[in-house]
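For reference, the structures are reproduced in the following blocks.
Presented sequentially are two complexes of chain A, the first with chain B as partner and the second with chain C.
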Partner chain A sequence: MSYALVVGNGAAGTFSSWLLAKRGWEVTLVGRGTPSTALSTGCLRSGPNLCRAEISEFLNNEKMPWASGQREGISKIGTSYRCWMSPSHSTWKEGETPKSIAVVGLDGHPSLLPRVVSAMLNGRKIKATPFTIPSQVPSDVPLTSSFRKDEAWEGLAEELQGLSAEAILLPSLVGLQDYHRLDQLEGRCGRNVLEAITPLGSPGQRLADLMLSKAAEAGVTIWDGRKVTALDVENDAAIGATVVGGMDARHISAEAVILATGGPLVDGLVLKERDVSDPLGKFRIVRSKFPLTGGYDSLNGMLINIDGRPMVNVAGAGDCLSSGSREYGSGLTEALENAYRAVRALEGT
Partner chain B sequence: MNEGRCVKCGSCLRVCPVLNDPLGEQFPGPRTTGVDAARFLERDSIGQNALRCTMCHACEWACPSGITLTRSMLKLRSEMSAEWLPGHRKMVENITSFGRTVSTEFSGWVENGERTLYFPGCIGLGRSTGLTLSVSSLLTSLGIKHDISSQAMCCGSPLIKIGALDMADDLRRRNMEVFSRYDRVITSCPGCTYQLREVYGIEAEHLIEVLKGTDLRSKLEGRWALQVPCHLKRGLSPWTAESLASILEGAGVSIVRMPEEDSCCGGGGGMLSGFPETSSSMAGNKVDMYRRAGVDGVITACPFCSLNLGREGIKVLDIGEVIAPKR
Partner chain C sequence: MRTDVLIIGGGATGAGIARDLALRGVNCLLLEMGDFCHGASGGNHGLLHSGGRYAVKDPTSASECALENAVLRSIAPFCIEDTGGLFVSLPEDDPSFADTFVGSCRKANVPFEELTAKEALRSEPELSSRVTRCLKVNDGSIDPFSLVQANVDDARSAGAKVLNHCAVTGMTVENGTVVEVEVRDRRGGIPASIVPEIVVNAAGAWVDEVAKLAGCRVPMGLDQGSMLVMDGRHCRYVVNRLRSPSNGDIIVPNHTSTILGTTSRPAGAPNDVTVSREDVDLLVRETAAMMPSLRERRTIRTYGGVRPLLGGGGRGASRSFAMLNDERVGNLISVAGGKLTTYRLMAEKVSDRVCEMLGSSSNCRTHKEALGPPANGKGDSISAVRLVRKYGRSASSVDTTDARVVCSCEQVLRSEVTAVLKAGDALTLADVMRRTRAGMGYCQGFDCALSVLEIMMEQNGIDPVPSLNEFLGERERGLEHTSGDQLRQEMLRRHVLNGVYGLGVRE
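Moving on to the complex of A and B:
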């Protein structure tokens, strides 16, 4: 059994851990903080060219079925959203736009503004009607905790009873544990229930939770809330790392390392003014004239050390790589693809 | 402080156990108190609702930018000019008159001049004395001779939580005289342990750290869930928090793991004394969850968790009460 250390708890870190564990590695995943994955819309905008089957298996979850192909949905501000893969209630097959949509918001909560979204949809010739239901949830408080209990869903179903539209657009209300409630609601109302595409909310968190749970199920040891503060390197190979959590620190040995620490916004690369640098002080960074676009240099998946030589057993994946374009919405597919490349690089195939 | 790194993603709001409680809506939230308040000159007038936080560190764990929200909130608390809440005033009066946050019910002092001090903390000496006696006899049965000193006072952690830094420092100086007579300090409260390490610079050990690696057996029947204390997992050490489960499982206690086991019970950060109704609501929700799981009770490693959850009518035991050395 070979020991791998994966650093980063987002899409790239969890997917590479999962792949390694499936291939017989003993994997420890170290990561702290909410990853960018959890801040995303929880959908894959573009279809992967690589490892499509592995991605489908990785994301497969009985609680939250996915839909893929040419998909279209509505964002929380009423704009059109196109993607390749989304949770089933987030989108419809392109060209099958509902004839009429009731846009449901919660009174006083900014999660979905029914009049604004309806006006946007009407402007696109989709018949939309705003509908506001009473709510006590303050604007700053996330909605998921108010929709954990059966009574809240009973109340919602009753409120929606009289609506005549073909589909009902709701704000994002459910975490992974409660996703099935959207199916139940659909059954009760007899209409399509759609969830507005929502970044910085429960859809992204759901995806991150799903990915982490899949890694754990595959046998990956998850060291959550912890951070790698130093990497021990000998002869262009990593041999171990120092991990800090709370007031405690541990040393861990590793025969292979994948850095999937994320970009400068998520405590991965260090951001100083407009420049990024390596917090571990070991690897070469490719800088760019554009802010936030630089990252680790790599050759065939392996990181390059500060002396310019490729590492023997340290690969990079996800947003910390210089290849990361960080264009709006492109990151998830790219992160998954280069996590796959990183694993292949470590296995020398 | 590093509040400037905030990207306004709202991750802290999603995980805040107070904001997510039906009674928690008056709390301005971790982003307001931990990030925004630091930037405003009028922060001293933020008002008592800013104290509606249990200092559970969940926001800090969730923050993608690594902002030390808890530190920032504690700083805010030390700069606030709001009047003390009745519960907090009572606590300060108690400390002023006899050195502990709650009246001392414990009488089993051991002052034999041993080299190890067991420091049960105010709740262990005032509310959960059975727990303190259990831990003491467990330590003895493990061959760890120890004192329980009547001269050791409150660690000062609750005072820091209400911004009374000078009073906390006074306690530290008095306690350091007591601690200087010992080579080893063992605690059963994660809050005390954190305080002794962070503020006193003493390598105090939580009971779990003492138990790790010893041969233990369960004294319990039935199926038990865990309440993983916030200050243990997110304050002291996530590895030590993991040991809570592994020690119990190793001793043969039947443990039912659940994802919410590490969410806050509502007992910390001055909430229990300042806003008891919110503490009770948060604990009530956790107890409902434990009941749904059909367990016989909950095992924890924190006197505040024991006290707060126990008040909602579920059986709560400390790790020190449920295991014994193997014979």
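Moving on to the complex of A and C:
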């Protein structure tokens, strides 16, 4: 069996670990902190051109079914959000906009402001009515933690029963474990329950959770809260790495490495002043005027060392790769696709 | 509609004139095209000058500042923080300047006290240990928004009509007299045509543009200055560089932040306020020479103002002011130049002239009558002090029993926003911010803009998307110049606003 080390616990890292594990590799995934996947809206903006079947299988989860195709949803401020794949309650099929929407906010909580959102929707010719339900959740406490108990959902269902709109728009209330409660709520109210598209909240976190659990199920060894501080290289090939976590530092050997450390946004690449650089000091970086697009240089998926030669067994995936024209919000699809490319590149060796 | 005096411009000068005239019983109307303080009255440090800065090169301005400093402390203590000021010199500064400075302060009656370098470091621990000489003066920090609002409120209660968001768009001149003034009113409240007896042009950087409407010219030097807002307060005193006035000389602790300034370059137009990357670097470099720890602080915003200076503008131009009467148009008085610190004096001189023209003999009272409550302090809670600082006499109209907070950076209550909207002058998110400070803090409105917007939509139905784009676009000005960890955060912020929410906040 071959040993692979994957660095990074976001979309690119977990998907490539999962793919490698399914193909018979012994995989160790080292991750630390919050990946940008967890800051995202938890939806894929664009349809992948590569590996659609693998992505569907990877994201498949019985608690949280997905919908794909041309989809449309409502952002937490009421603007339109279009994407290709989302959890089923986040969007509707494009062209099937609900005729009327009750926008539900929790009193005093900024997660979804019903008047702002309703006015935005009315401005887009969608009939929307603001509705505020009483809440004790302080404005700086995320709602997810308050909607873990049955009583909270009972109360919510009762409040929503009288609403007459075709669909009910809610703030994001659920993590992965509780996603099925949205189906139950829909059953009880007899109306479509929609979750507002919310960045920096539970939708991104539950996607990150889902992906990590998928990798674990496939047999990937996950080392959480740890960091790769050095990579040992011989003859343009990685042979091992030093992994540090708290007081513990250990050395592991590897026959293949995927760097999926994330871009400058999450500290995967060092951002000094305005220039990105490689924290490991081994690989060539493409710099750009706007730091968001700078990152590792690569050739056919393999990173290029500072002497300008492609590595034999070190591939890059996700945001840490340089990208000439990365569109805002399309990162997840791109990350998954080039995770797939990285795995293919390593298997070609 | 007719009025004895039409005042154009709702900065400190215009508002001061309206108050002065109203207290003298003169019938007057003030029109401001944007919000109060939208020009240089809002785009400055918030420094209450002791006069020290101008002592050497501009002694008239220095004496005016020293006198007015004392007057403002007595009439408007609620919006002034008595921080005191330090002038410090470093080894690379011309040592003879300090001696000249001392002599000039004596001549201009600017009070000062010399501290040893050791004493200076003891009272201001973040100062550079390289400081060679230190003079202590009466500088303070002042909240210009609160000051101008207090003038507006006081003018109104004395009978003046004061309107923001009303722009003067044209003037009809007949036989050397302005007989009619055309108005575009965005808020509703006055007819489109005003018939004034006298017109006072106090339009600040726009003074020449207003004069042109009557066929006159006011020769002005427009001069742009950049400032940086750093998160948190890092000094007790206002810290000035003891050298011939130059760029990056001043550090002002104000409210929850520290303001670094300024620079000087010719401005192409009254609204040419753009701050360049070079300005940002220069301000940090120069002020960090006096206080090295500023290098480590987070910049939460950059902003610029355009100084309307007499003559050619630039560092050499006088900070004094002048009244100009064009002989071709007898009832138009233009006022130009001056400083925030001397706004009241300018207003007094202009009002004297107006009264002379009207044949009124009443005297100025603005230096004697309080603009607001005495400074709070002992025994009051921090939140009560904060409310008085922002709202002066109106602080009592805020319902403090409702503890809901809309802006957690600046701890702004929901009921403050409600009270401000009820007063009727605030039409935009920025108007609410100038009054409440919601959006002026660490996150620059990322968190609170929507909550404030919701309250505004409830009360006056503003259009949400353009409002957000305008406000958030303005608040993130200059943040593209940041680096390191903050750059990551700004990238994320734009990603959310533009990429996820689909807003058109500028790239």
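By definition in this document, the second predicted complex is superposed on the first by the 345 of 349 C-alpha atoms of A that agree within 3 Å, B and C clash if a C-alpha of one lies under 4 Å from a C-alpha of the other, contacts with A are read in each partner's own complex, and residues count from 1 in each chain.
Everything below uses one rule, namely that contacts are C-beta pairs under 8 Å (C-beta built on N, C-alpha and C of every residue); 3 or more make two chains touch, one makes a residue touch a chain.
Treat the numbers as computed from the prediction; the structure is a model and nothing was measured.
Q: Look at A:Trp153 in the shared chain and tell me whether it touches chain B only, chain C only, both, or neither; answer first, second, both or neither.
A: A:Trp153 contacts neither chain B nor chain C.
Q: Quick check for you: in the superposed arrangement, does A:Met120 touch first (chain B), second (chain C), both or neither?
A: second
Q: Looking at A:Gly108 after the superposition, I want to know if it touches chain B, chain C, both of them or none. Which is it: first, second, both, neither?
A: So A:Gly108 only meets chain C here.
Q: After the superposition on A, what does A:Ile77 contact: first (chain B), second (chain C), both or neither?
A: So A:Ile77 only meets chain C here.
Q: Output check: A:Trp25 vs chain B and chain C. Expected answer is one of first, second, both, neither. What do you get?
A: A:Trp25 sits against neither chain B nor chain C.
Q: Quick one: is A:Gln205 in contact with chain B, with chain C, with both, or with neither? Answer first, second, both or neither.
A: first
Q: When the two structures are overlaid on chain A, which partner does A:Tyr179 contact: first (chain B), second (chain C), both, or neither?
A: neither
Q: Would you sort A:Leu292 into first (chain B), second (chain C), both or neither based on which partner it touches?
A: After superposing on A, A:Leu292 lies in contact with chain C but is clear of chain B.
Q: Taking the superposition as given, does A:Asp267 touch the first partner, chain B, the second, chain C, both, or neither?
A: A:Asp267 contacts both chain B and chain C.
Q: On chain A, which stretch or stretches are contacted by chain B in one complex as well as by chain C in the other?
A: Touching chain B in the first complex and chain C in the second, residues 39, 140, 200, 265-267 of chain A appear in both lists.
Q: Which bits of chain A are touching chain C when the two form their complex?
A: Its residues touching chain C are 39, 41, 75-81, 108, 110, 113, 115-116, 119-120, 123, 139-140, 197, 199-200, 264-267, 271-274, 291-292, 327-329.
Q: Would you pull the chain B residues touching chain A in the complex into a rising list?
A: That would be residues 5, 7, 9-11, 13-14, 19-21, 24-25, 28-29, 31-32, 61-66, 194, 197-198, 233-240, 259 of chain B.
Q: List the residues on chain C that touch chain A in their complex, please.
A: By the definition above, chain C touches chain A via 404-405, 408, 447, 450-451, 453-454, 457-458, 463-465, 468, 483-485, 487-488, 491-492, 494-496, 498-503.
Q: In the complex of these two chains, what residues of chain A are touching chain B?
A: 32-36, 38-39, 136-138, 140-142, 144-145, 177, 200-202, 205, 223-226, 245-248, 250, 262, 265-267
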